[in-house]
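Order of writing sets the labels: A, B, C and D. Residues in every chain begin at 1.
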Amino acid sequence: MTASPAINLHDYEALARERLDPAAFDYIAGGAGDERTLAANRAAWDAIGLVPRVLCDVSTVDAAVACLGRRWPHPVWMAPMAWQRLAHPHGEAASALAAAAQGAGFVLAEQAGVSIEEVGALVRDEPGRGPLALQMRLHHDRGFDLALTERARAAGFDAIVLTLDSVSNGARDRERRAGFVPPAGVTLVNLAGLAPPPADAPPHPAMTWRDLDWLLGACKLPVLVKGVLHPADAKQAAQAGVAAIVVSNHGGRTLDTSIASARALPRIADAVGGTTPLLVDGGIRRGTDVLKAVALGASAVLVGRPLYFALAAAGPQGVAQALRLLRDELEIAMVLAGCQTLSQASRDLLELPP
Amino acid sequence: MTASPAINLHDYEALARERLDPAAFDYIAGGAGDERTLAANRAAWDAIGLVPRVLCDVSTVDAAVACLGRRWPHPVWMAPMAWQRLAHPHGEAASALAAAAQGAGFVLAEQAGVSIEEVGALVRDEPGRGPLALQMRLHHDRGFDLALTERARAAGFDAIVLTLDSVSNGARDRERRAGFVPPAGVTLVNLAGLAPPPADAPPHPAMTWRDLDWLLGACKLPVLVKGVLHPADAKQAAQAGVAAIVVSNHGGRTLDTSIASARALPRIADAVGGTTPLLVDGGIRRGTDVLKAVALGASAVLVGRPLYFALAAAGPQGVAQALRLLRDELEIAMVLAGCQTLSQASRDLLELPP
Amino acid sequence: MTASPAINLHDYEALARERLDPAAFDYIAGGAGDERTLAANRAAWDAIGLVPRVLCDVSTVDAAVACLGRRWPHPVWMAPMAWQRLAHPHGEAASALAAAAQGAGFVLAEQAGVSIEEVGALVRDEPGRGPLALQMRLHHDRGFDLALTERARAAGFDAIVLTLDSVSNGARDRERRAGFVPPAGVTLVNLAGLAPPPADAPPHPAMTWRDLDWLLGACKLPVLVKGVLHPADAKQAAQAGVAAIVVSNHGGRTLDTSIASARALPRIADAVGGTTPLLVDGGIRRGTDVLKAVALGASAVLVGRPLYFALAAAGPQGVAQALRLLRDELEIAMVLAGCQTLSQASRDLLELPP
Amino acid sequence: MTASPAINLHDYEALARERLDPAAFDYIAGGAGDERTLAANRAAWDAIGLVPRVLCDVSTVDAAVACLGRRWPHPVWMAPMAWQRLAHPHGEAASALAAAAQGAGFVLAEQAGVSIEEVGALVRDEPGRGPLALQMRLHHDRGFDLALTERARAAGFDAIVLTLDSVSNGARDRERRAGFVPPAGVTLVNLAGLAPPPADAPPHPAMTWRDLDWLLGACKLPVLVKGVLHPADAKQAAQAGVAAIVVSNHGGRTLDTSIASARALPRIADAVGGTTPLLVDGGIRRGTDVLKAVALGASAVLVGRPLYFALAAAGPQGVAQALRLLRDELEIAMVLAGCQTLSQASRDLLELPP
């Protein structure tokens, strides 16, 4: 498998389509309902104009950012995505290594085909790596949940990312039409110890602010919450003491016509007022998107589908190349916008649509 | 006839096109003029963004709503549509049964091919059914009109829906181009007793606020008015004492370029101020549309063409399946938006376009 | 030649294309530059929403309007268009008769192939006809200009329409690409007595406010000015004493990217404040467009290309049918909007875009 | 090579595509990233409406403008573009001559295949020529830079245009995909004396406000700065004493999603307040675009790609014809908008989008 001839992150979709089973492709590429939010996520970044500065000293630029109490090479993370062994035999292990090699963050999905321990062992001591986090939900067994966080801590993970916005899978019409079923040979190894839910469990497992408080008290790793769109929720999460908030609509995969994350981000930044770091995902494809996200108040961005496609198209080299492309684009954008560091990026650099 | 492979309400249109006479299809699918309002109805729901809440207890959700003094399983009604025997031999009888089976409301059009009495007998005692109403106009014979309402009451109907917005048929270009004529073998059984209009009748039968007052005084069933778009009219109707107002542009079939009902609804809600229940129709295709309508102040929504198409495509099973799909989508949307009940849905959940 | 199967005014374009020389078609159909204003004229009417009223007594409606001191059956005029003998052997004579038969106004272009006297004789005594006007420019010979107005008066014309907005022909790319040249066998009979311009004439004949003052003083017929888009010009024209102002961008044929006339109309209505009647043209295709124009302050509307196309497609019967279609649509729109007369149409009936 | 059948500036693109090597075409035609700014540049001019005046004395119009202390026939300049020998054997010499013959300004790119001295000798004494300027960057050798300005002055150039906005080439995906490499047989003759950068040079040569101050102090020609989009930068440049500011996003070739220059221009005009002349480029294709730019505060406009394409399509005659077409369109637009001179064009003539 050789590095693909992709020139930008868009290119990986077509390359992956050639290699993936059609139903798997639709599972990855598709969104909920009429895929309005999926499209709006992209469009919202494009709709933000850049108003660059000139005659700044950008002979060198530095995309480093602080997050979770440390400094990382750049603000790009690979988003948590399930079933990566659909795309490559080594699945999440391949992705995590590629991310680490590029200084990018990596969020292992609880629905991974590779164990927390294996990923930790591969990545934790990689020099120059980005942050490493475990994505999880709260299940019907709080003992299991706490043990999961402990396994992550023991494996060298830096944080837990608690997903709040997928209490239901949403109405994923494209996926249903394609008839996607999880692959036969892949086990969700990290959830293997979880007993089946009790017969009287409610259809949508309840997770409330009290559950979040419990996790924040019990978990020894910093806890990020992912899937916040409403400013009031962001404010409450900040007051609850989360380590960071990921502004996200789950890549348009759950509640169609949810607002684009690029539109939610500035409102949440206004509500939270700098007390809690923000991350954002949804539609990030270009270095300019990353710069805009940072200018709107994000400390980091998560990228999903393009990296999944890169993994399918060209394996770990593909993921690494995609991350490199995006970082290169970000640094070019910084040079051209007159930002020596990302701390210089603010809304003054933007023309926001009404 | 078996249930169709539809995944969402859009799908029934293509399925119905295969089975319907082309002129009948155009009669059902088409709108007035350049079909701008027809398109705007859809676009206006899509243009409203959802700003969902997280960490609410949505382990179970309940889509029940109160309307006409009772509580119903969910807020979806089948809109009044003429000539349903074009779509299925049992016409409105098939539709009414399917709606009742799914707990949905049903509005029998006065231009039905099945009698008020037959529909009432089929549906009135169906357990878990939704509200049952008769749609009518005022004709040149007020004795006939009052008798019609009495027949409905005797047959177990819950309400009368008085259509205000189709004094003329509008300029239905698609229908005229297709050369649609009402089907030969179908009789409008409920209007059979109506004598022909007198020779000196005006071209557009006058129906004014005084006529509405007469009906409100004479009719023993609650009277809803359908086809209100102007806030001042809504205010006056509320003061006149109607049981509810259906915000509607007749599915874009009468006055083209009328504003989309999703745009009219919040203005009317502001004008009426909660004194009178509101319903809305026009372009509702998704559970998220229903949730948005409720968040904007509607107690229920009417769905038209997709259910007609479902009847044509798969008979009563098709109608039932379509209603089930929509209700499922609504409940998923409630879960994902953080609404345990529909009373929790308000404008705070929405990003309204300018 | 028989009446065409057109169902609305759009339909005549395709019908005419079959019968016209391609270069002539492009001359008629085309606009200036990139045809942005041509498209914007249509789009601007469509972008205005109607907010209809219900329960008004519209058992009969009356589209009559007052203009030029008289009352006319309805507010539609046929716009001045040159070279109508391209479309039909009887050219402007055919159009004028058809307009009169339908109670529509008719504006004879100075660049007609039929004489003022012939048109006057055909139309002046037609019962129920609409207003009859002569369109002209000011030329390099004021004696000739005055004589032209006198000929119109003698022939029974009601008014002069002075065109202000075509000092140059504009950059009509489509027309140039098609290689249109005026037809060989047609003479501009009304301009035949005009001597060629002097050798030292300026490239763009000067016409200023002083020239307008001269005409207003010298001409015994009411003078309308056509081609006003700027509110300040409208104000000055009203103060100068014109009989009416035609808000127009010359059908998008002169200065491309000029604002749509439907956008200019309300601003001009605000500036003029009801002191001087307003007319409007540009993109009027539907009865709802006419109703919107009246609601925005117009006393009448001019329709151009569709009537030219109707003349080419089906001769005078085509023009008559097109005018009838438009009037029918207007009356249907009045019924559905709740307007017994056009004086009841105001901005309260509209949802204006930002 | 004969003059091409182009009717407007758009036409040269298709004509050039037939004659250019595909990679060279993509190099010229392409923009950065997803080419959003490239498209926005055009769309932004189109989105500005004209509100023309009537009854002005436009029997003759004069497009002359003052700039750099002199009066020029009209406000159109040919923008600096590299590698013009890709399009024609005589490259920039052909373009410069054509521009001079049409009274247009000409900016020689430092990356030209023809020497400063050759261009100066061809053009400096051409009667009726427009302004002649040399575009340059600051390099790692300030002695070389100053010598370059001296060579320009000695060759009769009127000004230096310092490019500020291409510290990096940007992410030019189309160019990379096409595999463009600079042509083998062409030497950048004006940069031939520049030693290679030192081994420890930073990746993006630093150019700051201090460097600008140095050039403004050292250079004996007026210095224009090109590539300003932020009002604060424009203000600072004006205070620094630049001769003029070129509002530009480099034709969409560097930082994609930068705001359209037509949107940046009025904000910069407001910030600078008339103290320093403004020029603008990006998407100018029509005489109406030029008129709008002037009405928004520009003293001149630069046109790029269409003239490059005209050079490829029809050599110097093509460039001359394109400039003539644009000037003709400008003069027609002035006539139709009621502007005898360009000093009469102000924002009052425009309908600006929100």
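Note that contacts are C-beta pairs under 8 Å (C-beta built on N, C-alpha and C of every residue); 3 or more make two chains touch, one makes a residue touch a chain.
The structure displayed is predicted, hence computed values, not measured ones.
Superposing the C-alpha atoms of subunit A onto subunit D requires a rotation of 90 degrees, rounded to the nearest 5.
Centre-to-centre spacing of subunit B and subunit C amounts to 42 Å, using the average Cα coordinate of each chain.
Separation between the centroids of subunit B and subunit D, computed from CA atoms only, is 60 Å. Multi-chain contact residues, meaning those touching two or more other chains, occur in subunit D at positions 354. Judged by the touch criterion defined above, the protein chains form a single closed ring in which each chain touches exactly two others. Listed in rising order, the residues of subunit B touching subunit C in the complex are 33-34, 36, 40, 164-165, 167-168, 170-171, 173, 176-177, 202-209, 211-212, 225, 227-230, 232-233, 254-260, 263-264, 354. Residues of subunit D that touch subunit C in their complex: 7-8, 10, 46, 48-61, 286-288, 292, 328-329, 332-333, 335-337, 348, 351, 354.
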